[in-house]
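One structure below.
A, B, C, D, E and F are the chain letters, set down in written order, and residue numbers restart from 1 in every chain.
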Amino acid sequence: MNTPGTALFCARLLRRQLVLAARRPVDIGNPLLFFAMVVALFPLGLGPAPDTLADFAPGILWIVALLSNLLTSDGVFRSDFDDGSLEQLLLSPQPLYLSVLAYVCAHWLVTGLLLALVSPVFALMLNLPATGIVALFFSLLLGTAVLSLVGGIGAALTVGLRRGGMLISLLILPLYMPVLIFGSAAVKAAVSGSPAAPYLAILGAMLSLAVALAPIATAAGLRISVDA
Amino acid sequence: MWTFFHKLGSPPWLYGISGTILRYLVPLTLIGLAVGVTWGLLFTAPDFRQGNSYRIIYIHVPAAVVALAGYYVMATAGAVSLIWKMKMADIAMKACAPIGAALTFVALVTGAVWGKPTWGTWWVWDARITSMLILLFLYLGVIALYEAYDNKEAAAKACAVLSLVGTVNIPIIYKSVDWWYSLHQPASIKFTGESTIHASMLYPLLLMIISFYALFTCALLMNMRGEMLARERRTKWVRKLAEDKAR
Amino acid sequence: MLVAEDLSLERGGRQLFTGLSFAVRPQQVILVEGANGAGKTSLIRILAGLSRYGFEGRVARHGPMLYLGHHSAVKALLTPRENLAWHVSGESQYTDDEIEAALSRVGLHGYEDVLSHTLSAGQHRRVNLARLYLSRSPLWLLDEPFTAIDVSGVAELQSLFAAHVKQGGAVVLTSHQALNIDHQVSRLDLSAGVLP
Amino acid sequence: MYFDSFAAMLSMDGHGAYVWSAYAITLVVVGALLLVPLRRQRRLLTELSGELRRNRGAPSQGPSVKEEDSHASGT
Amino acid sequence: MLVAEDLSLERGGRQLFTGLSFAVRPQQVILVEGANGAGKTSLIRILAGLSRYGFEGRVARHGPMLYLGHHSAVKALLTPRENLAWHVSGESQYTDDEIEAALSRVGLHGYEDVLSHTLSAGQHRRVNLARLYLSRSPLWLLDEPFTAIDVSGVAELQSLFAAHVKQGGAVVLTSHQALNIDHQVSRLDLSAGVLP
Amino acid sequence: MNTPGTALFCARLLRRQLVLAARRPVDIGNPLLFFAMVVALFPLGLGPAPDTLADFAPGILWIVALLSNLLTSDGVFRSDFDDGSLEQLLLSPQPLYLSVLAYVCAHWLVTGLLLALVSPVFALMLNLPATGIVALFFSLLLGTAVLSLVGGIGAALTVGLRRGGMLISLLILPLYMPVLIFGSAAVKAAVSGSPAAPYLAILGAMLSLAVALAPIATAAGLRISVDA
């Protein structure tokens, strides 16, 4: 029997995930709207004074991006687990590492990438100086990819738990923190006129590490979850 | 009165009458908009403080006013649909949401574009602006909820509930945001007061507001007609319409 | 095709089976029997390799296998056509016509392109069962394949099983309905279960 | 007419970019507001009339499930 | 006990049934028949009052009713005892002994206090079916009650139905398995469905 | 047939919900841990200058409490919908208004109340002056109850959706905002030495309004969701 090429299979998996996402446009729009609304919460909670808001804008934007990613990570494998698709994926003769990568990639495309694309609008609303916007965009682009990869691990480990619920946040928030620190530092640096490149380079390094290792952990997590 | 109510609930009748209304209302609206825009853009003097940028007022204020009013139209339709189970009210409610959202969006964008030359920033967290942003979220919520349901009848009921809940909240939101704003001193930002507006600026503005209301009505009727056809596609009167068209 | 040696399983303090050894050979239909709670599902999952901890014994599988469990693995937001295409895509390449034909075989002609969540319970399961018509795996492990399927559907499936084993395949299945297959059926009884 | 020249009208003392872009955005949105439902209505009617014409060809007016082909025997 | 008048339902562009009128009277067993996708579940949900939009016609119900659908309504994190106690709590008061007896009747003796998610598919459904042994509602609407239940369980249920109708109750049920009840069964055929 | 008293039924429903929550200690602990971790994120993202943090502590604490509530609201009816319990509840001869109130009450007990109880600890971590802590506690106590009631509406409207996703956050965040404003204002007032009572009174008024109206909307939402 000739199993189809792995690349083809992963491309199909990616397309399937994107089709599923497109069938729930609400799901795609929601991280964005969530982002918008939580950004709006901050002035409401902290007070609308423009200069302090501008000071905090890099941190706020990054924290909200992180939360938005966190909330959607939970669902990466959830429905596939519930309806038995995940069992079938584990039984298929394709390397799980790459399938996992396809899942995560789809997740990043519909959350991280979109968030990065719309972030300038929200940056303006929080009075982030224009010099910080490019750094914000690129730091989000790289950083959210790391977040998605790490979030995948948490999702895989908790998907089989009878209502793991927010356990995932407990598991992966500590892993998110380095990303948050360097991401917001990159923006702050750009705002204050120093180069953001070193921070972006560190984020890039984290990304390569995460691409190499996170799917292994995720795949192992999935096997355990399906078994339990 | 009662028979009128009954007729209002009947799609073929409403489809017919709305066609007639639209035939006159659409050209009137377009003329009103064109006259108002030309008047406002070209034939009024600039504001003594803001210069020419104030000309945005002729779209900004009408959009904001009608967007707010639209929410109450939507909620009223929702209430009618829940209480009297009138299908046309469902359809009207559903049709309000995208129009309201679009007008809110216009108010926000024109406001932001106006803010840049006058305040030097695109956005401030002012009470009115913030509550307008929240209004946009409320509209988007209704649209998203409607889209998320497959059964459109159930979707309309769910949206009706949501928009009613929203009505209770709009005053609360407005009051609280207003009050929240007054806590902190604004950074030297002021709306131009209503009273300062000169009559020569007021007339085109009034014309534009009326035209935007008419625009809202047109868009509402057109959206309702589309929805009626989609929902009643299997009934005789729609088939007859389609046949007339096929000929 | 599959050899199970000395399988023992304890669940919740009850010994479901001990020292269970058997082999699945080509042209065999094995019906796993037992009352509710006897351990049929647990056994099938062990055979499929989905359960890897918590039991004793060894399972050796040779060649590809197709497992269909309690969950239908049908995504509500994909159409039957997309679902089936995805299901078989890990295994082999199929043309669009083959997929359509398989869906027709399970009575979903005309439903190929509606979203699966609008299907009835039985139609939902049929989407999954359509895989059997495309499968090139010789060994089938099926957990209650007749659930929610109507009478004529059950008959069709049974004749499919007969055809499959006649071509050298093997089927291990569980069911609470009587089998009426035109082929010899071996029975594996797990007895016990809930009823004394 | 308040402005003396076309150029003055465009620039509006430096505020032209803001004013005109605001009007342009509004024009686009208002245009969409009117055109989208109109197109939807047209498309629906066209679709329906096509469906009717097709049905007139086929005599059976039964439920709109496609007729079974001979090769497609049900389960 | 229940009168349905002129029910019509269209789903996804297909007319599932039109002008369906019938009455359910005491001492009746009505078996709703039809292929997969014929509209059995939709009909039962309309009769139960769970579907209120999208169909035409009227349904009048008199007196209390018990509906068991495709979903088992068994909470994974409650024990069978807790589940059953909760299920019947809206309806009437039962002692602990009555609840235990009902669980025994469905073969869950010894499983009363394990968490329900450790139960097998059939045991899971049995928790829900135990309601029937406690129910004082004369009218039962059951959607595929035999799913996942083993042979002896099906026999038990059928004799329960017979006993219920003999006491003046009525049962409306769907099933793809043959009924073997010691009582006259009226059939309501919804035909059509997936097959031409 | 004598149906049992409604009060008894609601008490049972409440107990059932609490038992279910207790069987998933993760679910109870999670809002708290989420609270803790997000509070910890802020110094990381915003920079740890103690005085500015203290200035913003009321807002931050309230925003996090609100998010924490938002995340758990989604699940109030979810599992009961999925396994069919909700259908049975709708068919039972008990008034839905009160059942809904019992659900919401259980939700508040395991999230809002607990959050209010632990909030002083986090307030200290963010250097909130001691004068604000009492106001924080009471504002959270009242405010989270409103949030739970309003969240119930969103949960009911979205529980049946196959493509709901994070829709609930879009629906109810706008409704949460007034609570956030008055809640954080109460704490700010207390910190700056003015009386917090007027704000608490407003929160109380909101609570009475919500108790009276929200369950009606929630009940209507549930009927619609089960039908769709």
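To be clear about the criterion, contacts are C-beta pairs under 8 Å (C-beta built on N, C-alpha and C of every residue); 3 or more make two chains touch, one makes a residue touch a chain.
For each chain, UniProt lists the protein as follows: A, F = Heme exporter protein B; B = Heme exporter protein C; C, E = Cytochrome c biogenesis heme-transporting ATPase CcmA; D = Heme exporter protein D.
No experiment lies behind these values; they were computed from the predicted model shown.
The minimum number of touch steps linking chain D to chain F comes to 2. Counting the residue numbers that touch the partner chain, chain A and chain F have more than half of them in common.
Across B-D and A-C, it is B-D that has more C-beta pairs touching.
Taking the mean Cα position of each chain as its centre, C sits at the greatest distance from chain B. Note: centroid distance chain E to chain F, computed from Cα atoms, is 37 Å. With centres taken as mean Cα positions, chain E sits 45 Å from chain A.
Touching of two or more other chains is recorded for residues 24, 79, 162-164, 167, 170, 173-174, 177, 181, 227 of chain F. Looking at chain B, one finds that residues 134, 137, 140, 144, 148, 150-151, 154, 157, 177, 180, 183 touch two or more other chains. Looking at chain E, residues 53, 70, 76-77, 194-195 sit in touch with two or more other chains. Residue ranges on chain C touching chain A, taken from their complex, read 48-53, 64-65, 67, 69-78, 82, 86-87, 89-93, 115, 136-137.
Taken in their complex, chain D has these residues touching chain B: 1-3, 9, 12-16, 18-19, 21-23, 25-26, 29-30, 32-34, 37-38, 40-41, 44-46, 48-53.
Of all residues in chain C, only 76-77, 117 touch chain F in the complex they form. Those residues of chain B lying in contact with chain D across their complex are 26, 33, 37, 41-46, 51-53, 55-56, 59-60, 63, 98-99, 102-103, 105-106, 109-110, 113-114, 116-117, 215, 218-219, 222-223, 225-226, 229-230, 233, 238-239, 241-243, 245-246. In the complex of the two chains, the chain E residues touching chain C come out as 11-12, 34-41, 70, 107-108, 111, 114, 118-123, 126, 144, 147-154, 176-177, 193-195.
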